[in-house]
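Both complexes below contain chain A, partnered by chain B and then by chain C.
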Partner chain A sequence: MDAQFVYQNLYDLFYMLVFPGLLFLIAFALFAEYVDRKLHARLQHRVGPPWFQPLADVIKLAAKEEMTPRLADRRMFLMAPLVALAATATAFLYIPTWKSDIRYHFEGDLILVLYMLTVPTVTFFLGGWYSRSVYSMIGAARAVMQLFAYEVPLFLCILGPALLANTWSISKMAAFYQVHPAFAALNILGLGVCLVALLGKLERVPFDIPEAETEIVAGSFTEYSGRLLAMLRLTIDLETIVGAALIAAVFLPFGLGLPAAAGFAVYLVKLLAVVCVLTVMRSIMARLRIDQMINLCWKVAAPLGVAQVLIDLVAKGYLPRGYLQ
Partner chain B sequence: MSLVKRVVLWARQKSPWVLHFNTGACNACDIEIIAALTPRYDLERFGVQLKGTPRHADVLLCSGPVTHQIKDRLVRIYEQMAEPKFVVAIGTCACSGGVFQGCYNVESGIDQVLPVAAYIPGCPASPAAILDGVVKLLASLDPANAPKAEEAPKAEDPAVPA
Partner chain C sequence: MFEGESVQVPVGPQHPALKEPTSFMLTLQGEKILQIAVRLGYNHRGIEKACEERTYVQGIYLIERICGICSHSHATCFVQAVEEIVGIQAPPRAQYIRTIVAELERIHSHLLWLGVAGHEVGFDTLLMYSWRDREIVMDLLALLTGNRVNYGINTFGGVRRDISPEQKADIFTRLNALEERTKYYVSVATQETTLINRLRNVGVLSPADAVRMGAVGPTARASSVDRDIRRDDPYLAYGEIPFKVITADCNDVYGRTLVRVGELMESYKMIRHALEHLPDGPIAVKAPRKVPAGEALGRYEAPRGEDVHYVRGNGTEKPDRVKVRAPTLANVQAVAKMLEDRYLADLPIVVAAIDPCFSCTDRLTEVRRADGPSSVLHWEQLRQYGIEWHRRHGIDFSKLNNSFRCPEDH
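Here is the complex of A and B:
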């Protein structure tokens, strides 16, 4: 083994596990949860939790006893949180950070990331279903029903910008909009629909129907405790950041060419801005019923997504030839 | 104490998730528990969150003298909680049975059924008293603050806060 090979592999490991991989992602996700809870508290005229609250919650849960209900399918019950966490952390590696030429990208990573972001919802369904508790099973069924509602508008709204940029790679999309920032203005409609769809994906108010604590206790998570619950909470935190990073990369192409420190700061600000918008939405709205949610997604959000695709197609047709250079 | 134990103890003290269970109370203590969780008292400052399921909770807040009807359910809820778990008796009825002590249909206090970690007397216990009780319970998790043998509360006087 030559030194170059060893160095490359070590750097790969560092990239995946430390920065900007797993460790940075977890740290930033916990900080984002703090921002979310603190802002939510301030909007309710409360003081809110201290900055270390999400970390304390995770450590406490990790140190607690872990129980499996007698009727549950133990293997599925244990696998669900692990797979969800792994899929979310993997998706993050393919999303551009503060520069568009990141280490891992290929033509088609957009589809991979969207697929990886669907995996947690499916595993929440499986985990809840195999818990064999009434509340978990209702929550699991609702999670999947909700998945079919928000997924289509989300995909349509990301398809539009991808068509305009003529690529299936998020990094190349970011690079394209970095060169042509004016084109990003065409995608404002998509940005709005994406934020709504992200609320549905993260199962947050007003779309927290699958875990509605006033109706079905805690939905799919009802029977989870200890380490497994810590993993599930961490997955949702991570999903928030990955979703925000995806939105920032596709719709907010600012500061990508900046030097490392400034670019990093702009990147964090963009992600926190998305998190704050989600928080304000959850603070000012109440929970919808599942049928209202599906109506909203299929009758309003999905047509808007189609409109976004049409806008991008028309713009692409009228743009001068050679705009891709 | 090793570093890991210290960190876990810190996390436990900073993140008590509570489950509220009415064991036959007149609802006065329950209203006060809910009042303690409202934005005015803002228990999230101390990391307290109200949970709907015993699997997620660390602290079981019980109000009421434990009627014979509710006894089995109370034990079942307690058994569904993950270790380490703590029971807090809120209100005079939960501490000792109160005016229902010795009544034909009650157990006269949570500690007749489950091990109780903190007693919060009052009829009803005020939100401030509940807050104080929970903070004292969390402080008692640290072995350094454990009461010495001679000053430990006597078993026959359950109204003394732990």
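Here is the complex of A and C:
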């Protein structure tokens, strides 16, 4: 084993587990949760939590007793949070940070990331379904119904920009829009739809239907407690950041060429801006019913997604070839 | 979901949507409600019986604690019934002060309801806003009566505290602030799309059904049933204060919201009018301790609807019988009707829309085992059960109610 090989592997590990991998992701996700909760509280004329509250919550939950319902399928019940957390953290590795040429990318990583982002919802379904409580089962069914409603607009709106950039790699998309920032303006529609779809993915008001407290207690998460619940909560925090990073990489191609420190700052600001938009949206709306949510997604968001694809196809066909490499 | 087969979902007795224990057993097909079984009886407190054991004056304070929100409603309703039996009347100034407190109570109750309604449809910002503004009226009530709830302002023959000119000025200023905020809520309720989507055409109760099921208060008025005790059978100073009875023809939760917000605006006007025309004079007349034999029925338009108290005196210091019909009992029958063919997601807001107060309504405790027969215990049986239970645990209460006996010699 030569030194180069060892160094490479060590760097890989550091990249995946520390920076900008898991540890950074968790730290930033907890900070984003703080920003979200604080802003939400201020918008509601409340004081809001101190900065360390999200971390304290995780520690508190992790220290608590963990219970599995007697009727639950224990293996599925335990696996669900683990798989959800792993999938979300993996997706993050393939999304450009403050530069477009990141360590891990390949032609097709866009599909991998979208798939990895679907995994948590599916595991929430399985975890809820196998906990065998009526609230969990209804929550689980709702989560899947909701998944079918928001995934199509989300995919369409990311497909459009990918078509225009002529690549299936998020890094290359980011690089393309970095070179042609004017093209990013064509994707404004997609940005709006993506933000709405992300609200659905993160199960936030107005789309917190799968965990609607006043109807089904906590939906899929009703029976979870202790470390498993901490893991689920953390997964949703991570999902927020991964979703925000995806939106930033695809739709907000600013500051990618900057030097590391400045680029990093711009990156954080972009992500927090997305988080803040999501917070404002959840502060000013009521929860919809599942039928209203599905109507909205299929009758409004999906056609807008198709429009986004058409816009990008037309742009690709009519704009001078030279622009497209 | 659940392909054709139905599932039973218990909402209650413990559930985040409910602020008090009560039970709605739903039979769902997918998201759709096929059947709903409402069951009360989790917080019977025996207040009616307890009133018979206490003097009338003690009774006022107990009756006031029937409800933590419409406490003044119950107390005033009881006091009015007793005053009728005794044949005294509170002086005009006292009537006006009672009216002012009553309307302030309506304001705090409706603002509270608005917040709860927001919370039930996941609009927590509305909850935080309206409860923050509710503090203004809570402070006002504390200023006038010394308490935020359970004001203790009533006594037989009048009220216990006067309103000073400084307090009057204070009420005017704070009412202005409340009115501003309420205008804002009117605009939220009529413009916020997601909120309207959750309220419109939900919990429909046709005017005919509202009458047939005996709905009262804002629940009935939102179904075009133009009934308000304040106008139909004036009590306190309501005969002298001009006001509009707010109705809506929406028949749904949205209508109930509009009626309540509209009533808030009316209450501000009524309080201003009452303060401007506050008569001079004493605030109470002397009332006898013993109430002659006789019976009376008090009617009162509480924030949730008509409240009825029946009192029977027997010439002693203690009532012979007190019966309370809280507005929730009149409205709760309509809930099952409102939820016909609706979705699970509508349950919390439809239940909340009658502004239920289950502990005010409960009049019995029913013992049920999970899969066994149910049984109702009457007073004597319950007493016997208690004695038996304690005897099994080594304490004998069976002789307690008898006259004192010397221990038997052994």
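The criterion applied here is as follows: the second predicted complex is superposed on the first by the 325 of 325 C-alpha atoms of A that agree within 3 Å, B and C clash if a C-alpha of one lies under 4 Å from a C-alpha of the other, contacts with A are read in each partner's own complex, and residues count from 1 in each chain.
One rule holds for everything that comes next: a residue touches a chain if its C-beta (ideal position, glycine included) is under 8 Å from a C-beta of that chain, and two chains touch if they have at least 3 such contacts.
Just so it is clear, the structure is predicted and the values come from calculations on it, not from any experiment.
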Taking the superposition on A as described, I'd like to know which of chain B and chain C A:Gln44 touches: first, second, both or neither.
both
Chain B versus chain C as contact partner of A:Val217, first or second or both or neither
both
With both complexes overlaid on chain A, does A:Ala63 touch chain B (first), chain C (second), both or neither?
first
Touch test for A:Leu310: chain B only (first), chain C only (second), both, or neither?
neither
Considering only touches as defined above, state whether A:Val6 meets chain B (first), chain C (second), both or neither.
neither
First (chain B), second (chain C), both or neither: which does A:Leu319 touch?
neither
For A:Pro206, decide between first (touching chain B), second (touching chain C), both and neither.
second
Output the chain A positions appearing in both contact lists, the one against chain B and the one against chain C.
44-46, 135, 213, 217
Note: in the complex, chain C contacts chain A through residues 1-2, 7-10, 15-17, 28, 31, 118-126, 128-129, 132, 192, 194-195, 197-198, 343-348
So, in the complex, the side of chain A touching chain B is made of residues 37, 41, 44-50, 52-53, 55-57, 59-60, 63-67, 135, 213, 217-218, 221-226, 229
The residues of chain B that touch chain A in their complex are 7-8, 10-12, 14-15, 39, 42, 44-45, 47, 51-53, 55-56, 58, 80, 82-84
Using the touch definition from the top, list the residues of chain A that touch chain C in their complex.
43-46, 134-135, 137-138, 141-142, 145, 205-206, 208-209, 212-217, 283-292
